[in-house]
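Paired with chain B in one complex and with chain C in the other, chain A is shared by the two complexes that follow.
Coming up: the complex of A and B.
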């Protein structure tokens, strides 16, 4: 990777040049937590932030969005015909996204962009978005991205990577789309000096070393699904869960959604809304039968989906990026790292 | 812009048939408003569709018509929840939507050249009807060996597609075993007994045969051992699962059993496949 050196002001100035052609989003302090917001000016970005409370998935899969609109007016010749709700697919740059969160979107791509079906809204937003990522020189105590196929400077989901070092920034253009940005608007930057390069590498190595190793991909992947499904440790894992759904709403790789029709007088719309496998209604049949009526089944579903089903289905690692949000905000302290340890130790024992 | 897989084709309700004495099950014949939509809706027996009732929502329902029946789609709907209740009160001429075809189908490439045993119970006979009509079509009948059907309901009034059933009974290229759990009709000339018991009594041969079993869980539970005893291997026993669904295309996340989405990877599975998956259905 080749790096350039620039100041915070230089970076802000460069981003400003894209204001006319792109919508810029970045992490902004809201008073209680950081959140990705549409920026009026790139200066609003808080470069001292650790991570946002909610993951940026809502910029691709909004918590609630209209899919279709229709008329129910009996006199309308077009009544009951669904029409696509209009949407904003203007090009965007998301600045300051953490590498784990950007990688998470790539994992979710596997669900929404398949050979057979493509989710048009997810696809359009993915295609219209450029990522200027922000490397994690100071990972949180709850971070474990290096254990799950990502890392504090992982560029898999990024176009540009910025790292805060020695009172300024190092910047690297890692994808073709990133390089295109640089061609469009030249950057007032210079190459790193030898000592700056060394300082950057040291800092990156330090951050990587701070991350725990707690996953044994091979042991879990090789174990038959039903053996893990029927393991006794789920009883222990689920005990304190209150099925609040916080983990699924904060998780950058939880994509489950509901579809509902909403009607006001003679106008209706079909909306999709975030949903959660933690809720009993998620799987309740009209007959009253519920295949996951028990809390244990729902808790197991969430972890099995991320750590085993997804792995077996796509053969491309777990559907967790180690952002640690669920660890930080679970009201009863359920810790996915502990679940991973239990799973690994179960799988490392002989069958 | 890519094709939007959530967008239903507009259809008109052409005909509504009350199927059962309790009036809880109705069959809807739907006609496409646009001929190009009809051409695009190319399906095989075993697939389902999302019926879209604007203002109410969508429901996943097995396609009861056969692709050999042109000009309309047939869906038989049990009144159970919000959308189905509303649909039951709709009238011919009303506009709704259909999204599909969705899911996989009975393995017709494997079934060709084999004997086919169809076992159904209650209102889970819809895609089985589609299959029977499909196999009996003059274009297709020679592709299959013996066709044996065991179909039961709680009483005669709850059997679906009665006229067709009795017409098939009179044919010589299909063996029908129609049964009811009980009846007080003195003129009932078919079987009386539960589906597993009648299957055992009629003992269809498992030689070069596949069994397709659809019905309530209790029927499946007791029919499986009978089929195993008759010599059907788990990969020759096929079923179709039901799940709460929303998207129908493997994206919304709710209908999985283990790694498989019932909407996209199913709803048709063999019992061999199901034996490797969690029992969460």
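Coming up: the complex of A and C.
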């Protein structure tokens, strides 16, 4: 990776050059937490932020999105014909996204962009978005990205990586799309000196080492699914869960949604809404049967989906990026790191 | 309040060894600072997991509805009031319960600690408490804070710190506070109606409809919540302001005359919405109209559950 060195003002100035051709989004302080917002000016970005309360997934999968609109007017010749609701696919740059959150979108791609089916809205937004990521030189105490296939400077989901260094930033253009940005708008930056490069590498190594290694992917991947499914520890894990949607709604990799029709008089729209496997309604069948009527089943589902089913289905790691949001905001302190530890120790024991 | 830990363990050991209960619901130390994890202890060799400090805000009465068997539960003043309400609503019976009462000096609010630490979300990695002083530390900082300034809002105005119903106490009763509970509510009441509407709309604008407030509440035990019903669908599921407000208003009204202001809803909200402002207004109304406080008197039917010819009716217009 090659690095350039620039000041905060230099970076802001460079980003400003894209204002006319892209919508810029970045982490902004709302008064009680950080949130990705459409920027009026890149100066609004809070470069001292740790992470946003909600993951940036809502920029790709909005919590409530109008999919289609339709008329139910008996006299309307187009009655009951679904028409796509207008959507915004303007090109955009998300600045300051954490590497874990960007990697999370790649994991969700596996669900929304398959050889058989492509979710057009997810796909469009993915293709129209460039990511200028922000490396984590000071990971939070709840972060564990290094354990789950990502890392504080992971570039898998990024086009550009920015890392804060004394008195400014180091920047690296890691993808073709990132390099294209640089070709479009040259940057007032210089190469890092040898000592700057060394101190950057040290800083990065320190951040990586700050996080614990708490996952044994092989042990869990090799264990038969049903053996983990029927393990006794789920009983203990599930007790305190109140089955709210905090973990799933804050999670950057939880992609499940519900589709509802909203009808008012002769107009209707079909909306797509975030859903949560924590809710009993999530699996309620029309017959009245609910295959996950018990809390234990729902709690197990969330962890098994992320840490076992996804692994078995796609063979590309777990569906968790270690951002720690669920760890921080679960109202009853159910800690996915603890669940991982229980799964690993169960799987490391002989069958 | 650390000494409570030892006492809770001692009582739990005895209850489990004597087979007086099938389990003990209490807290174990959280995996991160400023939040503890509710736990069901079934064997006396696990009682050393039980723990108590100023971060036990979760209302453990939430785990009681439909509980099978006999259970001991660690209960602060507010939790004990919730238990009383649950008993009156036939969700749990007295003979199933062994209430380990905790005289409470108020639980702490981690959002206030985050605010005090400042710097927009600095990572707090350790909090120690000694003699009314909190030592809050993280990477490159450590500061001392006066404990009582960081109480949860509901605890700061609590008038029932001591359990109202218990089988055993873990310590001496604490003095009750004489406070004005409704200063903030009166301020909102004094606003013209459009300002009040604006206030409540702004209050819930960051709601993500995760239902943490609902699910943290010991009284939201309906087998099917109105938000989950589809025939008819009472409320839209989007985050449109009308849908969000409908949810919050209906949730609050469902708690009129039942809410004990345990603060669980507010502390559970991942977005930090002050949802108690809805329930507190209703609590004030019920108190002023019927002189009733929920969960204080066992056997006294709740006012919204009874009819008396002399019930006040000036509000019916």
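Please note the rule applied: the second predicted complex is superposed on the first by the 351 of 351 C-alpha atoms of A that agree within 3 Å, B and C clash if a C-alpha of one lies under 4 Å from a C-alpha of the other, contacts with A are read in each partner's own complex, and residues count from 1 in each chain.
Heads up, the rule we're going with is that contacts are C-beta pairs under 8 Å (C-beta built on N, C-alpha and C of every residue); 3 or more make two chains touch, one makes a residue touch a chain.
Remember, predicted model here, so these are calculated numbers, not experimental data.
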Room on chain A for both chain B and chain C (clash or fit): fit
First, second, both or neither for A:342, with chain B first and chain C second: neither
Angular separation of chain B and chain C about chain A, which is computed from CA centres of the superposed model and rounded to the nearest 10 °: 90
Which of chain B and chain C A:243 touches, first, second, both or neither: second
Touched partner set for A:231, first chain B, second chain C, both or neither: neither
Contacts of A:221 with chain B and chain C, given as first, second, both or neither: neither
Chain B versus chain C as contact partner of A:334, first or second or both or neither: second
Touching partner for A:4 - first (chain B), second (chain C), both, neither: neither
Which superposed partner A:141 touches (first chain B, second chain C, both, neither): second
Touching partner for A:85 - first (chain B), second (chain C), both, neither: neither
First (chain B), second (chain C), both or neither touched by A:259: first
After fitting on chain A: smallest Cα gap, chain B-chain C, Å: 6
Overlap of the chain B and chain C footprints on chain A, listed as residue numbers: 258, 260
Parts of chain B lying in touch with chain A, wherever the complex brings them together: 1-8, 10, 52-58, 80-81, 84, 94-97, 242-244, 246-247, 249-259, 264, 276-278, 280-281
Residues of chain A touching chain C in the complex: 29-30, 32-34, 46, 48-50, 53-54, 63-64, 138, 140-142, 239-240, 242-246, 248-250, 258, 260, 262, 271, 273-274, 276, 279-281, 327-329, 331-335, 337-338
Residues of chain A touching chain B in the complex: 67-68, 70, 72, 79-82, 84, 111-112, 114, 116-120, 123-124, 224-226, 229, 255-261, 263, 268, 270, 275, 277, 282-287, 291-292, 297, 301, 304-305, 309, 312-313
Touching residues on chain C, where the partner in the complex is chain A: 30-32, 35-40, 58, 62-63, 111, 119-123, 125, 138-139, 206, 208-212, 214-216, 228, 236-240, 264, 267-268, 270-272
